[in-house]
Structures are given as structure tokens and as C-alpha cells.
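First the structure, which I've put down as C-alpha cells, then a few questions once you've had a look.
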Amino acid sequence: MFVMSSSPHIRDRETIPTIMWWVFISLLPAAGVAVWVFGIRALYLMLSCVGAAVATEFIIQYLTKRKITALDGSAAVTGLLLAFNVSAGLPLWMAILGSVFAIAVGKQVFGGIGRNIFNPALVGRAFLMASFPAAMTRFFINQNGALVSQATPLNILKEGSAAPLVGYKTLFIGNYPGCIGETSVLALLIGAMILLWRGYISLRIPLSYIVTVALMTWVFGGSNGLFSGDWLFHILSGGLMLGAWFMATDMVTSPITRKGQIAFGIGCGLITSIIRLWGGYPEGVSYSILMMNALVPYLDNIFKPRKLGERR
Amino acid sequence: MKSLVAEFYKGIFKENPILVLALGLCPTLAVSTSLQNALGMGLSATFVLICSNILISMFKRFIPSRVRIPSYIVIIATFVTIVELVMEAYLPSLYKQLGIFVPLIVVNCIILGRAEAFASKNGVFASFLDGLGMGIGFTFTLSIIGLIREVLGAGKIWGYPVSLDFVPVLVFALPPGALLVLGLMLAIKQAGDKR
Amino acid sequence: MTAKIFSLFVLNVFTANFILFRFLGMCPFIGVSRRKHPAFFMSLAVIFVMVFSSIITWALYNYILLPNGLEYMRTVSFILVIASAVQMIDMVMLKTMPALHRTLGIYLPLITTNCAVLGVTVLNIDMFVKDGKAVSGGFLFSVLQGLFAGLGFMVAMMIMSGIRERLDVIDLPRPFRGIPIAFIVAALLSLSFMGFNGL
């Protein structure tokens, strides 16, 4: 008749699987564009990464005799996001290794979902970048069904070569060399709409992130002195849209307070711009999110709501 | 006699300096990029450990306890300087590889730790065995980490390629790989402890 | 000059961070990074001792050891100078700043055998003394390297202690509790700091 249980007593209908599978669905438009731009190879990469992530989660949970939640969608999202973050020419075994690392070291070492400090997909990407720098930074474009090696727009910008940069329209549609899931701003924005509609993300992190990058690259990114940078090019290219909407907003590894989230976005934007403009790599989205992940305990602490009357 | 044997064995397993006592971590991480470097560092540290243990246990009566730590450091630093000079003369390439970690053997906490915890309280022969055991434990663990990192990170063993079509996972040759391998080894050790 | 100082800063704080890339000072890093408060004061003490040691070892090496051909005495003399400097700082602080001594005091003895301090002084000599002659600006670079290395130590300590306080309330898998997870987190931090390579 009466059931005794500890709080919380009021539960939302949203469960982890619903949220995670909706996030997965929101990534599908970009996945579709990836197959259209880079061909069937992109599909193989996505299937391998998702498969490896789910399998790793299952095996670890089985071996450690914990509750098996490998099909709750979170591992699948991690796998898909990692696949989005690699070049179309990456050997499948490397992608699988990255996926295993992402789940095992990025997530399960901390005890599984909700406990990890760093975004697992980005842990996987940083691992691959450090392990296979050549394969991770050689990008391709699909020409009549064959992958042809070509530099990304950000690479061309970094090396300061005279090769023409692709136009804003191409950057928006996504038909240019880059990591397979990051190129199409259009598809990523459609996905972001789904997340906003479902209420899983707010505008705070993505907007503060993107605006900071725009400001920084406008002020410091130009060759004709201050305030001459091509900010639109910077926010449309590289992994910024993917990172800002789908990875910086990860509920587990971003701050919980509103002010903390805005500070998180600004921090990501600053580090991304610093790496893009002055660093050794052409792109800094993944590293900046990882570094800000590490600062989340502080952001949560600084912007923690105060009790009425409590002093600083 | 049995206790002397125990003094020797404890450093290798039960009180392994790296895995159990978590001492000497800096050189463990920094020079374990290859088996050769690991062995070179391990043997150098073992030499210093044995010599300083013997000397400190010999002079323990004459060292006033108030200045014992500086005295131990001087004794240790003397042997480290000997190692430095000998290695620079006869093994210049190893000396270059190990870099500042050769002079830093002075502050390897294993050595000062054993001086303080063991040699200052025990006889010469027991201290020798303690130093030898701890040194072997240190060298052995360091070499295993070195071997793992060399195989995975460079695809080589003792400088020879493992297989022609092995693609090295470069991260294991880099600093994050060192932290990762040691972290996982400590976790495996902790999992093996009694439940 | 400014560019050189800036690159020295980036090098010591990020891309060749003493803890995450050079592995100097691991023992206090693992031992004292459980809580933010002690981590902060330990780092402060390390910065203090590093700058101080950089100054005196530079003078010792260039004005006493080098002119007399005593370079082989480097290791022995440096460690003694550092040990006595720490002792001195300890006493001076006790007399003049007792409040600060109460918070920093317990960490000072630990720093004597902190390899990061001896490491930075040896590194100064390796980097800024070439062929038995100090490079121009060598003294300034040494002092700054002492400062930046200490700052890098502080950055790693603070990030780590923030994360470890959070991990304390998490039910970690048993094999990883305590020191192992600290190493894994350090590995992931080290991986992310690689993003600053080439800055």
C-alpha cells in the first residue's frame, strides 16, 4: 500500500535512453551529409565507431558485473561524435581503437555515465590526434567516388598559402574537405534545432562560444591590423558548429549554473581562437572543450547560487 | 637468516617502491620511453641506493640526528655525481637520453626514503640487501613500463622493430602515455589486492 | 626579448608543464592535490622556493663553480643550497610572517626533496649556460623560468585538486580509487594541453 523510498520523489518522464536517442537522431542530418560529401567510407567509419563504442561499454559492464546500459544511447552518441571528428581517410582500425579508448578511459574508468570529467568523444579524438597525427590531419574530398587528398580551409588559412578559400555558401552546405561530421553548418543547425526543441540544450553555451570566436577572430584574425579578420569564415569553418552545439553542451561535462555555462562558452571560444590564430594546430575546438571540461569544478563553484543572506 | 632474505624480497613485491609505495614516480614516468633508458635509469638508481644504504648504515652512529637529512643528501649526491661522471664518459648516448634525470637521482624519494626508514636503523648487510631488493624492484617495474611503452609507442623492443607492418600508437611514447600506463598498472595492482 | 619571455611562459605553464610533460614534482602533485586549499598553499610555497633557488643557484654556478672549474660539484652544491635556502625561508618566515608560516610551513620541508626545484635549477643551467658562458639575459631568463615553472605547477595542482574533490563524491570503480584515477586524469589533462603545441 505504502511504498517507502528515498528522495527524489518527483521524476521527469525523460529518461537517459530517451534523451540520448534524441541526441543521436539530431546528429543524423549531419551523418547524411557526411555520406553525401565523403561517400560510403563515411558510413563505414560511423558504423565502426558506434559499434565499437557500444561493444566496449557492454563488455566492460559485463566483465565488472555492473548493470548493462550499453544500449541507452550514450555510447552510440559518443561513437557517432567521434566518427564525426575524424577524416574520411582514417583507417577503420584506428577509428575503432579511438572509440574503445573513448569509452574505456574517457568514461568507464570513472564509473560510467554521468561521472566522467571529460567529454568521452573528445578524449577519443585527442588520443587519436596524439597517436596517429599524420592520418588524423590528412583530409579528403570525394571526387567521382574516389577520395582525393586536399587541405581544409583552416589549413590553407594557417599556412597562408595563396590557394583560394572556399566561399561561405560551400562552408554552409558542407561540400569541402574536413572531418566527416563537421563540414555542414546547415545539417548541424537542423540537429541543434531538434535539441533546442526538446529542451536538452540551451543557447547559453553555443552562443557565448560562437560569439567569442567571432569577436576574437574579427579583432585579431586579420592581416590588415586589428578589426579586419574574416569572422564569418572562422565561425562557419572547422569543428566550431559541431563542438559548440553538440560537444560543449554535453550535460555531464559542462557547468550546471547559467553564469557558469556562459563562462564555459567564453572560455572555449578564447582557447579555440588562441589555438587557431597563434597555435601550432589549425583547429582548436576539441582541445578547448577538453581544457574547459577540466575547469568545470571551478566554474560550478564560483557561480554557485548563494543562500539568502550568505556572504561571498 | 630468514629475515635477511625477507629484507631482500620485500622490495621486489610486497613493498615494491613504484607500485606499492608510490615513490620515485618522476623518473619512472620520464625515462620509461624505452627499455634501454628504463634499464639505464634503474641500474644507476640501484647503484646509488646500495652504496648510500651501506655508507649510511656504517656511519649512522656518527651522524647527529639533527643534521641527518642534509648528511644523507650529501652522501647520496656524491654517489650520483660518480654515476653522472662515469655515464657521461662511457655511455654518452644514454647520458644524453636520460638528461636532467641523472642529477635528479639525488631527489629520488626511494633513496632518501630507504636511508631514513631503513639504513639509519639497521646493520650494514641488511641495508645492502634492502637496497638491492628495492633497486631490483624499481628497475624491474621501470623496465616493464619501458617495454610496454617502447612496443606500443615505437613498435620496437630494445631498439629493434617488432614487425615491419606494425603501426605504432605514438601516444604511448609521449608524456600522456606514460601517465596512462602507470595509472593502469596501479589500477591493475589495486584490483589484485585482497578484496 | 618579449617574444622569448612569452614563449618561456607558454613552455613552462602549458606545453612543457613541469608536472604534465616533464614529470618533475609528481610526488607532491599526487600527494597534496586531494584538496584545493592545501594544493594552493603548497603551490605558493613551490613558486617561492623555485624563484629563490633559481637566483642563488645561478649566482653560485656562474660566479663560483664555473670560474674555478668545479662544474662537477653542481648536483651536490645545488641540493645543499636548496636545502639550506628552504631552511632559511622557514626560519625567516616564522619570525616575520607567522600567519603565512602557519599555512605554508608544513609544506616547506617537503619541498627540499621536491625534484621540481632541483629540476628547474639544473634546467636553467642546461638552457642558459652554453659552452661555459652564460647567454645574454641568462639571469633574467632563469629567474623567470623559476617563476613560470612554479606557475605551471600551480596550474596543474589547482585543476587537479578541483577535479579530485569532485571525484571524491563519485562512486569510482574500486581499482581506480585514489592514486590510479589521479594518473588517468593527469594523462587526459596532458592530452588536452597538447592543443597548445606550437603556440
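The chains carry the letters A, B and C, assigned in the order they are written, with residues numbered from 1 in each.
Here is the rule we use: contacts are C-beta pairs under 8 Å (C-beta built on N, C-alpha and C of every residue); 3 or more make two chains touch, one makes a residue touch a chain.
No experiment lies behind these values; they were computed from the predicted model shown.
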| item | value |
| --- | --- |
| Maximum centroid distance from subunit C, chain identifier (CA atoms) | A |
| Top-ranked pair of chains - ranking by C-beta pairs in contact | B-C |
| Distance between the centres, which are taken as Cα means, of subunit C and subunit A, whole angstrom | 34 |
| Between subunit B and subunit C, centroid-to-centroid distance (C-alpha), Å | 21 |
| Intercentroid distance (Cα basis), subunit B paired with subunit A, Å | 41 |
| Multi-partner residues of subunit C (each touching 2 or more other chains) | 176, 181, 184, 187-188, 191, 194 |
| Shared-contact residues (touching 2 or more other chains) in subunit B | 171, 174, 176-177, 180, 187 |
| Set of subunit A residues in contact with two or more other chains | 105, 109, 127, 130 |
| Footprint of subunit B on subunit C - complex, ascending | 20-27, 30, 72-76, 78-80, 83-84, 112-115, 118-119, 122-123, 126, 174-184, 186-188, 190-191, 194 |
| List of subunit C residues in touch with subunit A within their complex | 158-159, 162-163, 165-167, 170-173, 176, 181, 184-185, 187-189, 191-199 |
| In the complex, subunit A residues that touch subunit B | 97, 105, 109, 127, 130-133 |
| Sites on subunit B touched by subunit A in the complex | 167, 169-172, 174, 176-177, 180, 187 |
| For the subunit A and subunit C complex, residues of the former touching the latter | 64, 105-106, 108-111, 115, 117-118, 123, 126-127, 129-130, 271, 274-275, 278-281, 284, 286-288, 290-291, 293-295, 297-298, 301 |
